[in-house]
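First subunit A sits with subunit B, and in the next complex the same chain sits with subunit C.
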Partner chain A sequence: MIKTTLLAGAALLALAGATPVLAQQVVKIGAVYPLSGNSASTGNYAKMAFEMGVDLINNGNADLAKVFPLAKGGGLPGLKGAKLQLVIADNQGTPQAGANQTLRLITEEKVAGLVCCYQSAITVTASAVAEKYGVPMINGESVAANLTERGFKWFFRTTPVAADFATAYLTFLKEQKAAGLKTDSIAIVHENTEYGNSVSSVIADAFAKGGLNVTMKIPYAANGPDVQPQVLQLKEKNPDVVIFISYTQDAILYAKTMKELNWKPPILIADDGGFNDPAFTKQMGPVTEGLISRSVFAQGKPGSVAAIMDEIYKKKTGGDGLDDVSARALQAFFVLADAINRAGSTEPAKVQAAIKATNIKAEECVAGYDGVKFDDKGQNTLASTLVTQLKNSNYVAVWPKSRATDPLVLPYKGW
Partner chain B sequence: MSMTLVQVVIGGLLLGAVYALFSSGLTLIWGMMNVVNFAHGDFVMLGMYTAVVIWTSLGGGPWASVPAAAIVIATLGVISYFFLVRHIMKGPMLAQILGTFGLALFLRYGALWAFGANFKSLPDNLVGHSFVLGGIRFEGSRVLAAVVGLGVTFALHLILTRTQIGSRMLAVSENATAAQLMGIRPQRMQALAWAMAGAATGIAGALIALFLPISPTAGETLAIVAFVTVSLGGFGSVTGALVAGLLIGVVESLTAYLVGPIYKEVIVYTLFVLVLWFRPQGLMGKA
Partner chain C sequence: MSARRIVPLALLVLALIYPVLTMESAVYQRMGALVLLAAIGASAWNIVGGYAGQVSVGHAVFFGIGAYSSVVAFVHLGLPPIAGAPLGMAISVGLAALIGVPTLRLSGHYFSMATIAVGELVRVLASTSDFLGGAQGLGGPPMPRTVLDLSFLSAMPYYYIFLVVLAGILGLTWWIERGRMGFYLRAIKDSERAARSLGVSAGRYKLYAYMLSGAFTSVAGSLYLCMFGFIDPESGFGILISVKMVVMAALGGAGQLFGPLVGALILVPLEELSNSYLGGQGAGITYVVYGAIIVIIARFLPSGLLSLFERKPVVAQPEAAKPANPASGHAD
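Up next, the complex of A and B:
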């Protein structure tokens, strides 16, 4: 009985969503992000990115329109110039609030699609609501592997996951090997909770399959007062490549201790995490020159989609450019807007079909992907990452060559 | 190999002296008043932030920040005593635990509000760079912390055992009523104990800030080490805390290097349980 009522309700909703489209001049896109709580800062940067995206589609930008067709202004051409409207809700950093807000956006605001939710744990609950009501949801930031393994039909993910990062490092290192650098011994130093353990094992597996030897693994407990024993272990074995997976406090201590003990490997890779924290780059940048990391965002060459949007975003935020998270969120938003435009309708099934047919090229991406194209599970198969290098306390893109802004400088310089 | 091992042991000793340094304040309060100060780690954290403020606003190095932190945290200790500890001491043990635990949360989130969640760190040239002696590298800031740590421990030991003030404080801790009959004011002595403990803790914080990143949650991990050091050394024994600190430091470093960093806690805590099994009063505590 309840089930039939629900189904009937869902059908009514679908109708309600479908009928007014012809007359409607506004297409609502829902966003459920952390505007309060621990990740509020991240969520508010994402919000500004979405507002910029809506503005670009509704009002246009002449420079951008040359490389980005949706930025011609005048709304969505596929829907007779319907304007986009952003409806943003606060997930408060909790899975419960994330699910409730998603429900509200779907039933009350009648959004045509959703971008959601930054934190993996919230994306899990919110996507279940969207799945139940049959509203397309695009996720741009959550990397938990299981999100696309649940057989959902309305959930799509544009961000790369750990396996993509591992592949990027593998290809990068193999190229360096071909160029004559030694990569015979590789050490992975990682903190031993879920984050460090999972990322390190994904990297080790990918390297083993790809023919690179991980000769040493040093797990450690995060946030200790001393990392000298670990660095001495490294110094003793002297590996050619060291990969760190660490949070900020440990990242700072490792950088300090390596300098104190005067040891550095020829190639030092830090997998995002603490090493990408602005607190780290600001304070430790001068002693970690040439550190290799990853980011999906790099400003790119002048005139590119990323470069132009970065400039516009800076004006909006008062100085802060797009970064790894805001660029990924914005990319998810554009994928949804593009799909609704091609669907020529806000009818959920049509939008869903359009998302499945998405084929966005690398040069049309604001995030540094090889493009956007979904597999049967809803994962973007062209998601990839840029390899970056620390140069004068700033990360610049050095690989792949097609999107590099600066030349790669090896061996690692340090201090 | 052997040279590296010596380096590991030296590193452990320096670390241990630092453990002793930030444990001395805790053992003093514990021994003098039978109060467990759960906010101890956060006192250390505020000492660290004092050093940050001295550096960012005045450009002062450890020569300015160490005395400043000693004064600031000693004041904080006295205020905590008069406004909180003095009252909860009359209540049951649980009230003491929850009271100082509440103080810990108040200080931690106060720091979060005042300084933000981002990590800060002091420039590493405030003390001078590391130096090499006989093939072993010494980190300037850690050597300074270790030396001052030994000095503070020694000074506290002297005050408690060789001065009249020390005798009075010990008298109050043994029997406050009897001490009062002898003309000693217990509250004044206890406030003094909090001031001394605060000063030692502030010094520890300002020195640790030279080589550890500073954040509002920095006190959490430090507090656990302090509790272990104090109970291993013996409640109330300042020299015990020193011996225990050095022992833990060396064991941690050696295990981390020889066995693996994730096993160091297992070994240290096994050792800890074994010692308490045979000597529940700690290495140098009175039975």
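Up next, the complex of A and C:
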């Protein structure tokens, strides 16, 4: 009697012990993002994007599953339906906190891989920790060129870098030239700190190599009260193409002043930055119709991965759609989830091998890349950007043609 | 009486074996090293800010110089980063003299303001200098080439290196504290005019303290670079770095030998743990908790935590005729 009770008890214990192991197998993914400090807003949007990504893989979405296999629900099929768990840490906007939190996620939380870290400076120190511990890290947003030049074996980057953006403008403008528009004189107007200086020189270099002439460069102080002198200078020379590299307040000031002085170029390009800030589009959208910018995210055609995810994301955030940064972060997350799934294991070496073998098609991307495929240095060779145009105060994709949702309208309309 | 000897001895032993005790947890082991690193910076600040009472809020200048000297030694000369430390110390001493001669004449808040201004100036200069990597900053060796690069997986080597450096700085501070210069500095702190009237060359001794303090702060910067392998204007010259040195020293007890170390022992784990456990929620609770604890300590222990231990013997043995504490400074 006692024996059978014991046996039954033992069997029950074994069951109790065994079931949770099967049901609760969890794969942890770490994310080290700015949840406080200067970039807290960006970091929190990225956090919501990751939470959405985890939810899509764990609980599925019927519409999305048709075009995005990982969204069938029920976790990662490659790991017998293991659920994903997001462990997010705050990098506080400092390289020190970024490295410390990366160490914690690796050693205490035992994450299978990391997405990290938005700011290039933090990605430098955090990736060094992941490299020493041999844990794969995928970066979706840092554009400093040297990140993939360090000979790291565990670091991968999905985003295009600054030079890729310049190449996109170059190709775009050459196509317009071939179509008969004038691009003989090009002016670059840029704010005069590191951001403006470096982006403008990257663009000027790419254009010089590609055979387009940058005829004038106008640096200015972003916090200046007035931009009339700069606009008058433009009005006098009347260039065919103007490229702006600005923050938000100065972008608004330029849009106002150009209307006041009633001058506009045939092609007006604004390199992301302030011109993509919702504050700019809400306030100045009506007088900058036809402004050209770039973004890796555009909603795309209905039923596409990007369009469906954008809708789900809007429900989660209460109205704000995916944008340039949140889409890039989310793409990095899906690359990691996909690799862990294919590896069928959380063993770092297997995940690393799976990341190296990544081959994601353009139509499976939430970001507007040509796909995801890494070179020996860990850089995504298919990273690319979309050229967008402002239409009724919203940016729509107009180039390249294969992913355009709306026709390109030139010359620049303005007001 | 014996407790007064046993407690410090026990603490010393604990400090020596801490990395071994935390072998299982890389996070806690690393936290030990971070406490020591912060204590090095705050103890260096303490020489001029605590003992001499000249509250510099621009010490990040020296921290940044140390870090940048190290990274420059690597990037432009191919040397191990730590080889830049002596260079950083030399530049810091020179710059301290340059800044100190005009600004140390200013009294009280004006000196603090001048140091903030210099700090911001240097930060802006660094962010526009191509040689220093501009706003993007510069990285140390991505992969350790030799052991001299001081790039380790475990925090244990850092811990012992930092411990030795901290012991050196505290030893020197102790020696100064007991010597003529220590008395001069405390006299200047209490009343510069009175000190001058007694023949203390106040300007010169404040400058010595400032130069010495700058040189050691620079060492903290060099060590930071070895551990983290990257520096940019914000993490080298940012005003928060200066502020943290001041807060740590004040919290533990400014002008006391172990004050900055005690401050670091409280603040660094507080910062790390609050970020680890609250940071992921993304509501900035970390800083609320961090700030609240500082406010509480400032409200109830304005002379720093060490003042707790100073008051005790007086209360416990009111009739004790001779407290025999020649080394305890002023409790202000």
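Note that in this section the second predicted complex is superposed on the first by the 391 of 415 C-alpha atoms of A that agree within 3 Å, B and C clash if a C-alpha of one lies under 4 Å from a C-alpha of the other, contacts with A are read in each partner's own complex, and residues count from 1 in each chain.
In this text, contacts are C-beta pairs under 8 Å (C-beta built on N, C-alpha and C of every residue); 3 or more make two chains touch, one makes a residue touch a chain.
Computed from a predicted model, the values in this text were never measured in an experiment.
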item: Contacts of A:Thr102 with subunit B and subunit C, given as first, second, both or neither; value: neither
item: Contacts of A:Gln233 with subunit B and subunit C, given as first, second, both or neither; value: first
item: Subunit B versus subunit C as contact partner of A:Ala221, first or second or both or neither; value: first
item: Touching partner for A:Ala40 - first (subunit B), second (subunit C), both, neither; value: second
item: In the superposition, subunit B vs subunit C on subunit A residues touched; value: C
item: Residues of subunit A that lie at the interface with subunit B and also at the interface with subunit C; value: none
item: In the complex, subunit B residues that touch subunit A; value: 1, 4, 7-8, 11, 15, 18, 118-121, 124, 130, 137, 139, 208, 211-213, 215, 221-222, 225, 252-253, 256-257, 260-262, 264-265
item: For the subunit A and subunit C complex, residues of the former touching the latter; value: 35-36, 40, 43-44, 47, 87-90, 92, 94-97, 99-101, 103-104, 107-108, 120-121, 124-125, 128, 131-133, 144, 146, 150-152, 193-195, 198
item: Residues of subunit A touching subunit B in the complex; value: 192, 218-221, 223-230, 232-233, 235-236, 248-249, 252-253, 256, 259-262, 277-280, 283
item: Contact footprint of subunit A on subunit C as seen in their complex; value: 25-27, 30, 34, 127-128, 134-137, 139, 142-143, 153, 224, 228-230, 232, 234-235, 272, 275-276, 279-282, 284, 286-287
